[in-house]
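Think of it as A, B, C and D in the order they're written, each chain with its own count starting at 1.
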Amino acid sequence: MYTYQRTIHFADTDAAGVVFFPNFLAICHEAYEESLSAAGIELNTFFGAHDVLVPVAGCTAEYLRPLASGDRISVVLTPRPAGADGYAIDYEIRRLGPPEKLAARVRTEHVCISARTRERQALPAPLAAWLAHDA
Amino acid sequence: MYTYQRTIHFADTDAAGVVFFPNFLAICHEAYEESLSAAGIELNTFFGAHDVLVPVAGCTAEYLRPLASGDRISVVLTPRPAGADGYAIDYEIRRLGPPEKLAARVRTEHVCISARTRERQALPAPLAAWLAHDA
Amino acid sequence: MYTYQRTIHFADTDAAGVVFFPNFLAICHEAYEESLSAAGIELNTFFGAHDVLVPVAGCTAEYLRPLASGDRISVVLTPRPAGADGYAIDYEIRRLGPPEKLAARVRTEHVCISARTRERQALPAPLAAWLAHDA
Amino acid sequence: MYTYQRTIHFADTDAAGVVFFPNFLAICHEAYEESLSAAGIELNTFFGAHDVLVPVAGCTAEYLRPLASGDRISVVLTPRPAGADGYAIDYEIRRLGPPEKLAARVRTEHVCISARTRERQALPAPLAAWLAHDA
């Protein structure tokens, strides 16, 4: 489990005055990047160095409450192992209070593939360690 | 059924060189806007005029093939009625060929609520007509 | 002068592997929002409450060094009064080091107008106070 | 001179109900991509094939009128040579009418550099031809 906090920015919103629904997923990806970074994994160099990609193969989102510019939020992220070559990540996005309110639940599914052959392959050790630590 | 075509732009991509996964949902929303517009419904004024909101309550996406800047795509959109006060929309995103390839499947779920009370309410007639026509 | 720090995220980048040039402006706007928030001004409610808008009338940017996902940056923001009804804001975006490097210089120009008549009008007192404090 | 038309989408807007100012630049870049594509230059492969980058070194924007979701716009793009190794591009963004209204003027400045050494270098022939044709 890893917790990421940030503020909703104007750039996250749309003309309905609240966060545009695809942007919840971008915010979850930020939390994922921070969680990897906290485990010493830098997205920018890690995948190239290990010759792998871990693309998002699927996602689901359930939107419970709108978020507006200026709202303080927390994203609680829990990775779930899925075989030797993948994982899912569950996210709970809460608007900090008082009172604190659950705003959305998101899940992303990731599959590890070779950058060269695009065949599935086992997670590199540091990624497996991150998964074991945060799960 | 409604078909929307566009080109993948640089702004849709990320440092992995392909479309950032949340942006598939933004592209689907463009197709939805165009489909409503083709039925005479302008997002910008319609909801205010009818005092309703139809927020996205949930979505799912399955990513099958990456898309790159310059790719020509089609988005085929099929709305599905879901009671008197909601609908789902299925999207198939294809990279135009030859050969044409399915790149992603997306579903968004929409619920019609009063802009004032936020209680569920029946779809305004023009939206019900769009749904009946495109389904 | 106000300093904002954040990390470059994957969502900020494009297929060239670095931050997409319009996103530097969005990052500057985040710094501006944080600076206003630190002065007790919430974008989300302030302008409606004072019946004014302060749209961006112009901007310039000079890009000196690319930024990549994972880079830690600081944005130093300095507002500059421009008459009774406007201001400019200068931003310096630095990649934190070592060594620290200037990555971009941005300026945005803002004009205060009535939300009703769209005529220029004097800055509301809290905004004038923020300007006097941070300039 | 090259003319690009498109519709303003919900994703372009922010909580002020109109296009977020950095997104005007992203829309201009779309017009640039389309203009290059019309000249047979695909951003996705061209720069890699010629081992060059043509990053945006600077930009200016003047915002004259807000644009809202659903607005039809045209972007008229005129490239301007700037030595053997660079060019500027002027953009006029108009909201199509009637009546047609100028919404923004944008300029981007581009410098051609070697992807390997990052030294300035002359424009590849197809890019020089595009510049001569559209200027």
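Rule of thumb we're sticking to: contacts are C-beta pairs under 8 Å (C-beta built on N, C-alpha and C of every residue); 3 or more make two chains touch, one makes a residue touch a chain.
Only a predicted model underlies this, so the values are computations on that prediction, with no experimental measurement involved.
Asks: Looking only at residue numbers at the chain A/chain B interface, is the share used by both copies over half or under half? Answer same or different.
Replies: Chain A and chain B contact each other through largely matching residue numbers.
Asks: Average the CA atoms of each chain to get its centre, and name the chain whose centre is farthest from that of chain B.
Replies: Measuring from the centre of chain B, the most distant chain centre belongs to C.
Asks: Between chain A and chain B, what's the gap in Å when you average each chain's C-alpha atoms?
Replies: Those two chain centres are 23 Å apart.
Asks: Quick one: chain B and chain D, Cα centre-to-centre, how many Å?
Replies: The separation of the two C-alpha centroids amounts to 27 Å.
Asks: What residues in chain C touch two or more of the other chains?
Replies: Those would be 10-11, 15-16, 20, 22, 26, 29, 44, 68-69.
Asks: Would you pull the chain C residues touching chain D in the complex into a rising list?
Replies: 15-16, 20-26, 29, 44, 53, 55-63, 66, 108
Asks: Along chain C, where are the residues that touch chain B in the complex?
Replies: 10-11, 13-18, 20, 22, 68-69
Asks: Quick one: in the complex, what on chain C touches chain A?
Replies: 7, 9-11, 26, 29-30, 33-34, 37, 42-45, 68-71
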